[in-house]
Every structure is written in structure tokens, then in C-alpha cells.
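Pasting the structures in now, so scroll down.
The two complexes that follow have subunit A in common; it is paired with subunit B in the first and with subunit C in the second.
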Partner chain A sequence: MTATLQPDLAERVGMDPAFNPSACMNCGICTAICPLGLRHLPREVFAYVVLGMEEEVLQHQEEVFSCLLCKLCEVSCPAGVHITENVRALRHYFDRNVFRLQGR
Partner chain B sequence: MPLATSDTIAILADNLRLRKSVLPIPAANAIRWTEGLHLRRGGDTVLYTGQMYQLIPYIEQLVAAEERLGDSFLAGFTGFGRQVNRVLNLAGFMAHPSSAERSVYDRIPHNVALLLRRAGVDFGSLFEDDLYSGALIYDLGVDEVLAAHARTVYEVFQKYEVKEVITIDPHTTNMLRSVYPTFIPGYELKVRSYLEVLAERGFGPTRRLAGEVAIHDSCVFARYEGVVDAPRQLLDQAGLTVREPAHSGIMTWCCGGPAESLFPRRAAEQAARRVGELRAVAGRAVTMCPLCFVNLEKAAEDVIAIEDISDYLLRACEGPEGESDGQL
Partner chain C sequence: MSERKIGVYVCQCGGNISDYVDVERVRQAVAEDPDVVVARTAMFTCSDATQDEIADDIKLDDLDGLVVASCSPKLHTFTFRGVARRAGLNPYRYTQVNLREQDSWAHTDDRLGATEKAIRLVRAGIARTRLLEPLDPTVVETVPRALVIGAGIAGLRAAIGLADIGLGVVLIEREAEVGGHVRELGTMYPHDRQGQELISELLGEVRRREGIALFTNAELVRKGGTFGNYEVDIRTRGDSNMTRRFEVGSIIVATGFDSYLPEEGEYGYGIPGVLTLPEFKKLVDASEGPLVYGDRPVRSVAYIYCVGSRQGESGPHQYCSRFCCTSAVHTDLELRAKAPKVHQYHLYRDMRTYGRYELLYNDSREKGSAYLKFAPDTPPEVQRRGDGQLEVRVHDQLASQEEVNLDVDLVVLVTGMVPRSNQELIQRLKLPVGRDGFFNEIHPKLRPVETVVDGVAICGACQFPKTAGESVASGLAAVSWSAAMLKQGRAELDPQVATVDPDLCTFCGVCMEACPYGAIGQQELGGSRQVAVIDPATCKGCGGCAPLCPEHAINVLGYTGREVEAMIESLAAGVA
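Let's turn to the complex of A and B:
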């Protein structure tokens, strides 16, 4: 468990106003339906983003980059979470802050 | 593992930025599909491949190398390769598919051109200026590189004064129709997939291919672009009975392809599950995306025959009029 929370994490991850991990109501449909059987993405990782738990987000790099962006979860989500766009925003965050890709 | 993922993304992004493709391929091979078609250069309407089909045999060569190297196909070039790749196209040294390996992927855009001609569509090609769309870089979230590339592609369309683009695969369709407008203010281009164009205009089949095929919808066509009815309508006009697997249409199952560049084993597992679903409803399956085709075909082995939809449609236009003799 991380010692410091970062309240501005969601703001730093989000690329545009469509970024809406806080719309998730943790119903679990996405987890049940995911063809890859991803266990932590979307809902748990989205919750870490909303709660500012950056360390936990970073620990889920493999799931963030394994997601097929297939949208099966998104068309089934009752809360209208923009799951694939949110996952892309998380990748962008890794690219910039972990892999240091931007501005090279 | 984290290093390999970051290096893979860096190499792909550098290639797009420096060489206009994630995996630069020889220009002669990118335009081989146009041979014998006598297409005009440019014009109001162009058939645009985004190099998607042509890229597949090269990607497969790299994936084969991955199987020797580790979990990410460029893992063997970690760190060092990332630097070298900026001045030298590493992929050029690794990927040399044979002409036989390339021919199936050259055939599909060629098929599409023949089908559009039958439908009376007037179109040209951009030949070597038909650039990769950047779909993989967009998926990997490298938006700054994608934004610059999208502008380059759009400038090519403007240079040729193109008004309408007919695409082949779902990824290029999605990029040009739905993604580019979010990056380029004032973007104006009509974009339709050839399946939509043929469904609207008819493609004049001369015989009915009696038989059953399991349909594998592309996630991107079905859920991003709403292309669900057109392929069913066309297959029906070709005389085929379309069998729907457990997951189909808007609820289709992914072939696993998008995981291939970073996690090929996960991609293969998903493809095997999907082949099982398709096999449960028919002995043949039809795809409409090059990534679906290659991923499912590798998993299919001998249990199911996978073909691109353009192969079926063109076969329904060849040979004598009437019913087929049961041969698909």
C-alpha cells in the first residue's frame, strides 16, 4: 500500500474531458466479460487513478498494455465509462512518465 | 519486462516518426497489389490500403523472431537497439518474407479493386503515397507522434485533392474516419469501407456459393465503426449461409491480434479460444481484417479454413452463372 496519495493523479493521466474513470460504479461486468480475463483492469486500476494511488497504477503496467482495446466491456458497461479511451490515457501516462518517450 | 515494453514502443514510434511506418517495408512491395490494374494516380476518390495487408508478412517475420527472443518481439534489441533503430531501420534486417508469404496479402487489396470495378466505382490509388495510418501508435497512446503523422497523411490527401477515401481494413477505416478528425481541426474527408460501398451499390455476383461460413466480426468494424450488416448482406448475396458464433456482431470476440506486438502468447491463447467458437458453428470462417486473418489462421491449424471476405465475394463473380457445385 502506498504511503502517499496523489489527489491530482486523475488530472495528470487524463488527456481530455472524455477521461472518466470516476464514472465507474464497480459493478464488475467488465471483469466478467473480458475475453482475456484481465482481473485488475478496468475497474481496479481506474479506482487507483481516482484515489491517487500512483504506485498501484504503475504495478499494473502489463494489464494496461495487454488490453486488446476490443471494447466488449465498454459496450456492456452500465455507467457509460469510456473504458478504451481511459486505457489509452493510462498508456500515454506510462509512455511519458515511465518510458520517457515524449519529446525525444 | 518493463524495459522490453518501453523499447518496443519506442522503436515503433521512432519508425513512424522517422520513416512514416511502424515497420517500414520496401515501396515496391507496398504497391505490388496494384500490378495489372492500371489504376490512375489520385483523383476525387481513392482506394486506400494504409499498407495494412502488405505489412502483415513483415510483422509475422518479427513475431517469429520473438519466439526465439522472448516475450516481446524486439526484446533482443533492448536498449542498444532503441538507439540504433533511430539511424538504421532494424526491421529491414530482420524481416524478409518470401514472395509466397506476401502474395496472399497482396491479393486481398487487388481483390477489392476488382470488386469495386464490378460495382462501377471510379477510383484511383496513391501508390507509394498510400501511407500507414499509425493505428498501432494510437493504440499504444503515443499521441504526440500520432498527431504529427496524421497531419502528414492528411497533407497527402490534400495534395492529391482527394475528397473520398475507400478503405479496406477496419483499423485504417477507424483512424481516417473517427480518430484523425479529433487530431486535425477542419478535417474533411469522406471515408467508407469497401464493404459499405459494395453493400450500397451491389457487386454483381454471377453465381451462388452454396455453403456455410462462420462470420468473425472485427471488433473495430463492429464496435467502433458500426459495420455489422454490410458483410452479412454481401455474403448472403454471394449465396452463403452465414453462421453466427457465440460472440458475434456488436458482441464479437477479439482475435487477440492487438496484443501481438507486446504479448504474443496472450494473443495466441485468445485466437485459439476464438477458433473454437467459430469451429462450433461451421467448418469455414470468414474474416474482414488482416490482423484477424493472420491471428486466427495461425490458431486454426487444420480444424477450420479461414478466408478473407474479398476472396469469397470475388469467387461469386467468377465462373459460369448459376449455383456453384458445392465448392466454396
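Let's turn to the complex of A and C:
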């Protein structure tokens, strides 16, 4: 399958300056450590955001909302990715764009 | 039978030899030789304790010959020559016999055979040693001046270093302007200083030093003379088309690299908007605000890494060019500072921003650039669509694991370094060229700037791909190598060189043609008889000439015809 890209997706998702999914260097520690065994969050969903693959991001709504925000991955991340902050930003993005919730 | 007092030491090499060779039997067999006055075995002959023991034996027994049967002469010839010298024995009366690489390691399945071979090898060493005469190193006087070829950042800095240490310098640059590639660069990593500025500062420093004679539009057209006193002819083009001759004690080659030029169609090269890294760097350096290419604003850029490097079996450039990952990442940051909104995609194979340059890579990711990894067997494809848009298709090996189509305004081919074509210089100096086309040092760790040509060193990116800082560091290494040699005013050369017996020589000229170093000349003896004569400072002792001489007039000292024949006889004799 060939993806269609939305180059400004990362800007639209992340309104907070702490939003930094692009800092990820794809080591995979987060995936190995996640107590829920989430497969696509954080690493792959972040990559979809950075590349602008909006449809793929939308397909992972369940994982975005299952995350415990336990920060186990975040404290182990060697690249200083603000993982839980980024997940919150993603939830906010779903709120606005999928559930059409108003306000910030 | 001659009467010599030879000491023989058979090494166990901690089992490397003694596991496969009965060293005690070897010792006994050679101890019978009437000229051998001491024969011992040792666990590690090269250990300090055994070296001291050998030195004591030399003094006590007044030895006049030494044989150590251990490992390859490449490893320990100088070690045991040193032992001999310290104990007052002429170091050229020493023979290293190789029982490890040439015997025990080669015959691990045949202890008896390996032991008998060891006996023959050691006997051959003794046979040679019996005939060895003392030799003294050839001493040459050295001229306190160096020639630096190439005035890039490495050559410029080397010239300044040489002048500051009190040596004269002739600095030549083929182009009209000095500075090489760095002259073309704006902001550089890691300090964000301008390349042009660095070069004009260095040029100012060069001009301030009277000891440096700088010639631009200049090339070396001839090298004559001998080590320590090379005569070099420098030709300058332009208004003053002339040739000047200088005497120099050392030559430093700093001729740099060429940037890889992609072939037409390689990753779309040739399509407008597909640029090489140097071309793109120029564009970014020159841009003040938002980037514009051909009147069109640039909103997105895709970098394709390793173009012309790491070609595997498919091309001549199999090495990594080392600077280009960092340069691409640094250019990304430079562009981001000028035009923060540009989307930058990096399509890489492996990210090699080694050492502190890792921080630049982190910074670029943190600031929002996207990095995708492709496999060498599925490289990205670049196309120009009907509407003029550039399209890069790549299979991302990282998180997305998908084929991705990137619509971009520019494609940057992250091109590497290739050897500069410099055939005439290579021939003139007999420079050693590696399989990759860059110049070769003697030893990458221990003699990192010297070449096998006496008095000739290499530095900068003509040796292998280097950053500017690494190029300068090697340039300064070449400075200290020059100073160590030239500040003494004299240098010692290996005396194991060829000599001609003038009584036998008929001057047939066969040897002159054979010598790869041009060491053989002609001399007139009394009665206008011509004979060949070999310059000991130029001869490498390779032995190429000796077996060709129909009159047997040539001998290599330390390996004379008699010595070699005696060795062959011992090797061929029975072991019993």
C-alpha cells in the first residue's frame, strides 16, 4: 500500500511546545517495556505523525486511548521523547478531529 | 669451519610454538653446532626478563652472532636488534627465524614434521648468522625544508606548523586560489564558523611567515636527488610560466579529495531540483531567509544518503565517506534556522554521526525532521511527475514499515568523497595507492602519516575521507614527523642495501632497468671503464637487481649470495 502524506500533520496534532515525536530514534525500548504490550504506540504511531500518515494515525485510536500514561517507557527512553505528553496531545487531536469536542 | 660465538634462543611463545614443535629437541639439535656457544629455550623470548638474559649472555660469552627463533620478523626484528645493540653486539649480526607463522601455526597436525622443519629453519638462521658482517646505518644529512603539495585546509595548516617549528616551507597549490573544498563552504560543523573565513585567516597566517614560499597555479614536475636532499622542480602557470628548483628534506602530500559526481539518472540526477550535497550546501549557505530554487519556494526537501559511498560489490567506492551523514544533518539545521517551515525528510541507510556529532542528529530530530531508513537492496526511487513535482518513493524500514511517497521540491543526494585523480603526482612520487584509490600510510595506528617512500608523508582527505578537523590533525602529525627527521639534520637508513663489485661489473645495464627505485647509476673507474653504482640512500634492499646480474656482481648486504646459499644448503640438508 502506498500512503498519502499530510506534511503538516505533526503541527496540527501537537499544539504544545513539549510535543516531540520526531525526537524518537526508533530503538524500540518503549515497545519492549510497555506493561500493556501496546504494539504500535508510542514508536510507530509517532512515526506516522512525523511522516504525516494521517489515516494510519486514525486507525490506532484504541491504542492511543488504552495507554496508562504510566511513563515506564518515558523514563527508559534514551532519546528524551516526551512520550506521555505526546500521547495526551494525540488524544486531544482525536477529541477535536474525531469526536468533534469543542474547546481546548 | 669459521669460529663464531653464536647464541640461539628458541621460543615457546606460551604454547603457540611449543604445542606443535618439540622446542627442547630443536635446542639440542642446534646446540651441537660448533659455532653455537649458548642455546636456550624460553617461554616468551620477547619478555623483559628473557631480553635481559640474552643481553647478559652476549656480554658474558662475548657473542658475535644472535639467532632468535620465535615469531615473524615483522613483529620482533627491531626488538632483538635493540637487545643486541644494548649489549654491544652489532644489530645486523642478528637473525630472526620464524617458527610460529611459518611452522607451528602451519603444521598443527604434524608435531614430528613441524619439529624437523624447525630444526632446518634454525640451522639456516645460524648458517646466515655465521657469515654476517657488522653493518652501520647509512647516515644522510637532511635539508631543513619541506615541500607541501596542496593548499587545502590540511596543507595550509601544515605549512604554518612547519614554519613555526623553524623549518623552511615550499607550499604549492594547483589551483589559482588556496583553500580547497573548505574555501567553498559557508557554515561548518562543529563550530558553525564560515569555511571561507577559516581559509582567509590561514592564508593571512601563511603570508605573515617569511619561511613559507607559496606558489599557486603550481605543480611538481620532477623529483630528483635522494632521501634527505630531494630536488624538486615546481612549475607555475599563468603570467610567470617558469620552473623553480628547491632542495627539500621531506615532502607532505595534502592533495585532498573529489566529491562524488552521480551518473546521469542515478537517483534522478539530471532532473531539475535533484542536487548533490555540495550543490545544496551552496544554495543554503547563500540563502538569507526562505529557500528558493529556480524562482520557486522550497517547502520540502528529501535527502538520500550514501550516494557514491558504501557501494558494496557493485562499485569502486565500498567505504563510508564519514563526513556526509553529519554534513547533511548539519545542513538540515542550518536550513531550519533560516526557514523553519521547510519539511525535511532524511532517507538514510545507517546514521553515522559519530562522536559528538550525535548531538546534531538529536537536535535535528528534536526540532521535527523526519528520518526514514532504507535497505541497500531497495533504494529510494526519484521521479518527476507530469505536473513537474518531484516524487521520492521509499520503503521505510523503521516504524511505519510501509512504502511511502514523498512529494518534495528538492532532492539532495548526499554524495561522498572519492579519490582525486592525480596520476602524474602518483607516478612522480611513487605514492602507494590503496584498493579504494586513496593514498596508503605504512601503518594505520603506529605510523599513520608516513608512506613507504622515505621522506614522503600524506595527510588530510587524500588519505581517506576526513572532516576538516581530522584533516588538520593529520597535517600536524606530518609536521611533527618532518620535524623529528629534519631538525636533527641527519637521518639513519637501513644499511642492508645492494652493492656492486666494480671488479666484476661489465656494465651491461640489466640491473639499472630492473631497479624500481632508480637507485642504480653509472660511475667511471680509472681507464674510463664504466661500472654500475648503487646509491645506498635510494636503494630499498629489495633484491630485485641481484639475481639478474649475469656477472654475480651485486650483493645485498645482510643477504649476500654466500649467505643465501648457506641458508639453502642448511634447509636442504638432512635433520638427523
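FYI, the second predicted complex is superposed on the first by the 99 of 104 C-alpha atoms of A that agree within 3 Å, B and C clash if a C-alpha of one lies under 4 Å from a C-alpha of the other, contacts with A are read in each partner's own complex, and residues count from 1 in each chain.
Rule of thumb we're sticking to: contacts are C-beta pairs under 8 Å (C-beta built on N, C-alpha and C of every residue); 3 or more make two chains touch, one makes a residue touch a chain.
Predicted model only: the values in this text are computed from it and were never measured.
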item	value
When subunit B and subunit C are modelled together on subunit A, clash or fit	fit
First, second, both or neither for A:Gln61, with subunit B first and subunit C second	first
Partner chain in contact with A:Asn20 - subunit B first, subunit C second, else both or neither	second
First (subunit B), second (subunit C), both or neither touched by A:Leu90	first
First (subunit B), second (subunit C), both or neither touched by A:Met53	second
First (subunit B), second (subunit C), both or neither touched by A:Phe99	first
Which superposed partner A:Cys73 touches (first subunit B, second subunit C, both, neither)	neither
First (subunit B), second (subunit C), both or neither touched by A:Arg43	second
Shortest span in Å between Cα atoms of subunit B and of subunit C, once chain A is used as the common reference	21
Footprint overlap on subunit A, where subunit B in one structure and subunit C in the other make contact	none
Residue numbers on subunit B that touch subunit A, as the complex places them	1-2, 5-6, 9-10, 13-14, 138-144, 219, 223-224, 247, 250-254, 256-259, 262-263, 266, 270, 273
Of all residues in subunit A, those that touch subunit B in their complex	15, 35-36, 61-62, 65-66, 68-72, 74-75, 88-95, 98-99, 101-104
Subunit A-facing residues of subunit C, complex	299-300, 343, 345, 362, 365-373, 393, 396, 398-407
Touch list for subunit A against partner subunit C, complex	1-5, 7, 10, 20, 22-26, 43-44, 46-48, 50-51, 53, 56, 79-80
